[in-house]
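Going by the order they are written in, the chains are A, B, C and D; count residues from 1 in each one.
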Amino acid sequence: MLTREQIAARVARELKDGFYVNLGIGLPTLVANYIPDGVEVVLQSENGLLGIGPFPFAGDEDPDLINAGKQTVTEIKGSSYFSSADSFAMIRGGKIDLSVLGALQISHKKGEPRGDLANWMVPGKMVKGMGGAMDLVAGTKRVIIAMEHVAKGEAKIVKECTLPLTGKGVVDTIVTDLAYMDVTPEGIVVRELAPGVTKHELVAQTKAPLLFAPDLQTMAV
Amino acid sequence: MLTREQIAARVARELKDGFYVNLGIGLPTLVANYIPDGVEVVLQSENGLLGIGPFPFAGDEDPDLINAGKQTVTEIKGSSYFSSADSFAMIRGGKIDLSVLGALQISHKKGEPRGDLANWMVPGKMVKGMGGAMDLVAGTKRVIIAMEHVAKGEAKIVKECTLPLTGKGVVDTIVTDLAYMDVTPEGIVVRELAPGVTKHELVAQTKAPLLFAPDLQTMAV
Amino acid sequence: MQKVYSDAESALKGLADGASIAVGGFGLSGNPENLITAVSKLGTKNLTVVSNNCGTTELGLGVLLKAKQIKKMISSYVGENKEFERQFLAGELEVELCPQGTLAERLRAGGAGIGGFFTPTGYGTQIAEGKETRIIDGKGYVLEKPLVTDFAFVKAWKGDAWGNLVFRKTARNFNPVAAMAGKITIAEVEELVPVGALDPDQVHLPSVYVHRIFQGKNYQKWIEQRTVREKK
Amino acid sequence: MQKVYSDAESALKGLADGASIAVGGFGLSGNPENLITAVSKLGTKNLTVVSNNCGTTELGLGVLLKAKQIKKMISSYVGENKEFERQFLAGELEVELCPQGTLAERLRAGGAGIGGFFTPTGYGTQIAEGKETRIIDGKGYVLEKPLVTDFAFVKAWKGDAWGNLVFRKTARNFNPVAAMAGKITIAEVEELVPVGALDPDQVHLPSVYVHRIFQGKNYQKWIEQRTVREKK
C-alpha cells in the first residue's frame, strides 16, 4: 500500500516536459513535490495564474497572489496572470495537458473510452459547490484521479456512481494506494499493483470489474 | 441641401459628454471634426482601440497604429488597446453608445421600433464583405445613418429594402443632406428639414411614407 | 466625462432593495471591500449576488450574508462560510450553484451580447437538468445563459479617471467579467491615477465597462490560507 | 520546454497541402510576415485560410492568393485585393464571408471549448440563412459555430521562449484569437526575450496557446492608408 506521498510521486511520473498541469486541492497538490528532474511543467491555477511557484517564505505572503485553494503561493519565471474567463477558456479549450483530482466515486461503462466521476457532493450533506472541477474534467486533455482506493471501508471504484456526477466519461487514469489503472473501452485495466498488494486484494476492494494487463507490473516506488 | 461636412456636423450635435462612439468609414468619419466644445467622447476603432486621436504628423505614422479603415491614426490620453474578440464583445454587448454608418437603402415597417439597413453589398457586383458593420448595427445602443438622401437619382429610403440587409430593425435616426429623421413605431418622423428644402421636395425624393413632426424645425447649420 | 466619485457611499447612488450585483473576487482576494462595507451600512435588502464565493463567515460578502441582506447567491463554491450553510438549510437563502468556468463565461457573455453558449461543462450531470443539451461533433454540450446584473462591484489595483483598470496578480480573477456584466459598474481602486497615466497597451479592462470609480481606503486584503515555507 | 525555432521554415514542419490556418492581422497590420513568406516559398497548396482580410493584391496573404495556394478564405472583408475578385468570379476560390465580430468570437470559441454561441449579429440577414436562429428575451439571435484550425500563424511584438506574447497597439487585433484557435500555433516576434523577462501581469497571451516561436526578421510593416496631418 502506498502513502499519500507515494501516490503523488507515482502520478508525477506521468508528467512530461512542457506539460501544462492543473492540480486539485489536497492529495493532487502533493504531485508538485515530485516533478522528475529535467521535466519542466507549468502549473495552472484556475483563479488566473499559469506558473505557480512554491509557498512564499514567511513574511513574503501576498494577498494578491493565491492559488485555487486560497493558499498564498509565488509565481515562477515565465508565468502569466489572466481573468477567470480566460483561465477557463484554456481549461475548456483543451490547452491544459493534465488535470489531477480526487474522487468520491468512479465508475465505467464498457464501450465508453473514459470513466464517470463523482467528487463534488454527497446528498444530505451540505453542498459546498463544484468550484472549477466540472470545467477541469470536461476540458483538460487527460484526467488522472489520485485517491485512496477505499474510503471508510467503502469502495470508491464502483459499478455505477450513486453520487451526483462531476463529469460523465471524463476519467482516463486512476492512481490509488493499491494500484495504477487506465480506463479503456474494454474496461478498467490494472497496469501496476502497489508493492505487497495482490490481485485478489485489489478485486476485493473494488466494486467494479477489473481487467489485468498482460504485462502487469509491481509499481516502482 | 447640406454638404457632407454639414451632415457630419449635424450628426455631431447628437454626441453627449462621456459617449463611446464608433464612426464608420467615409462620411461618418467626418463627424470627429465637429465634436462640440465641452463634450468629451471616446472614439472606438473595431480593430482594437478605444480613444482614436487625429491623424499623425508626417513622419510619425506607426504601422502598428491604424483605424478600421486601415488609416494611420494616433492614440489619445486615456486610450486602451485590446483584441478583436474583446473589441466586438463591447460592441455586441451594447457598451458603445452610438454608431454612425452610411447606407445603400433604409426601410421601415410600421409597428417596428427601428428600421432595416442595407449597406454591404449589391448583388451582381463584387462582394467585398461586411467587415464589422453587422456587429455594429446589432450591438450599439443607437445607430445613426449619415448619408446623401438620394444616390444617382435613386431614393435610398424605400418601402422595403431590395438589397441584402446588414441588419433588421437596427436604424434609429437618419441624417441626410435634406433632413433629420427618427425611426419610430409609428413611422419615419421628419424632425428637421435642411435650409431651403420643402416637405414636398423631401417626399418626392423618398420612396417610403414620411411623417412630419408637429414641431418640425428648419435645421440649424 | 464624469465618472469619479468621492467614496463608496456616493458611488452607490441608485442601489435599491432587490437589486442584482455581480461582485469580483476569488475567495477574499481582489474583493471590493469598500463597496461591500458601504452596502452593509446602507442595509440594502433582498439582494441577488453573483460571485464565485460568498466570503467567509465573518469577512467579505459574508458580512452581507450574516446581516441577511442577500436573498439569492449565484456561486461556484461557498464552502468557507458556515452561516451560508445555516441559512441555506433553514430555507432562508436561495442558491444557484454554477460551475466556475461557466459562471465566468456567463458573466462575459452578458457583457459581450452573447445570447447563450454551448459548454461541455456539466454535461451528463445534474447541472444540465432542465437545460437544453446537444451533441456537437460527438461531444455533449449544455446551453448556458448570459448573466446581466443591475450593478457590478469590482476592485482593481490602479484605475484612471475614465475607468481604465489594471489588476495585480491573481486579484484580477472575476473582476473583469463582473465589470462586463453590470449595467452600472462601480470600480474601487487602490490608486486612482490621472487620465493618461496608464500605458494603453497595459490596460486590463477598458474604460467603457466602468461607469463609476473611486479611490478605496483602509484595504484589509485578508489572507484565507496563510501557507509559507521555511527559509533553509 | 522546447518551443523555440530558428526561423519560419523550421517552425512550419508538418504543414501539408490542404491544411487550415488561422492568420492574425488586420489589413497589413500585425501580419506574420515571415510565416507567410515561408509558406510562399514552400508552395503549400489547397490551404483554407481564416483571416479577417486577405492582404492586398501584392502584399501579405495576397502573395499566397496570387500563387493560387489558397483554396478557401474565411474572412469579413476582402475589398483591398483585386486578384481575390478575379479568382472568386472565376470560381477558382471558395469564400465564406463572416461578420468581423462573429469571426473573432468563433476563433475564441474554438480555443475556449465552446460548442457554439448565439449572436445577434446578422439576424434577419442572408448571413443567418441555413443557420439555426432563435428569439431570446425578444431579440433575434443566430447560432454560430467555433473555428478550430490545423495551424495558427501569429505575430507579436515581444515573446519569451515559453511563448508568452505581448502585442503592440492595434497590431494585436486578431492575433490572440487566431492563436487560441490553432491546434499548432506558431508565433513570430519582433523580439524574442528570455523566460522571465516579461512582467506576468502584462502578458497579453499566455504561453499555453503557443506551440512554436521564433524571432522574425526583415519586417516590412506596410502601411495601407498613409494618412497624416500638417504641422501648424
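FYI, contacts are C-beta pairs under 8 Å (C-beta built on N, C-alpha and C of every residue); 3 or more make two chains touch, one makes a residue touch a chain.
What you see is a predicted model; the values in this text were computed from it and never measured.
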Neighbours of chain D that also touch chain C are A, B
Most remote chain, CA-based centroid, reference being chain B = A
Provide the C-alpha centroid distance between chain B and chain C, rounded to the nearest whole angstrom.
-> 35
For chain A and chain C, let me know how many angstrom lie between their CA-based centres, rounded off.
-> 28
Touching two or more other chains, which residues of chain A qualify?
-> 49, 75, 81-82, 88-89, 91-92, 138-139
Shared-contact residues (touching 2 or more other chains) in chain D | 105, 108, 112-114, 119-120, 167-169, 200-201
Examine which chains touch each other and state the graph shape they make (line, ring, star, complete, other).
-> other
Provide the full list of chain pairs in touch.
-> A-C, A-D, B-C, B-D, C-D
If you look only at chain C, which of its residues touch chain B in the complex?
-> 1-3, 108, 110-114, 160-162, 164, 180, 195-196, 198, 200-201, 203, 206-209
Sort out for me which residues of chain A touch chain D in the complex.
-> 17-18, 20, 40, 42, 44, 49-51, 75, 77-82, 86, 88-96, 138-139
Which residues of chain D touch chain B in their complex?
-> 26-30, 52, 75-80, 85, 88-89, 95, 97, 99-105, 107-108, 119-127, 140, 157, 167-177, 204, 221-231
In their shared complex, at which residues does chain C touch chain D?
-> 105, 109, 112-120, 134, 136-137, 139, 141, 166-169, 200-202
Report the residues of chain B in contact with chain D in the complex, numbered from low to high.
-> 45-49, 54-67, 69-73, 75, 81-85, 87-89, 91-92, 116, 126-135, 138-139, 164-169
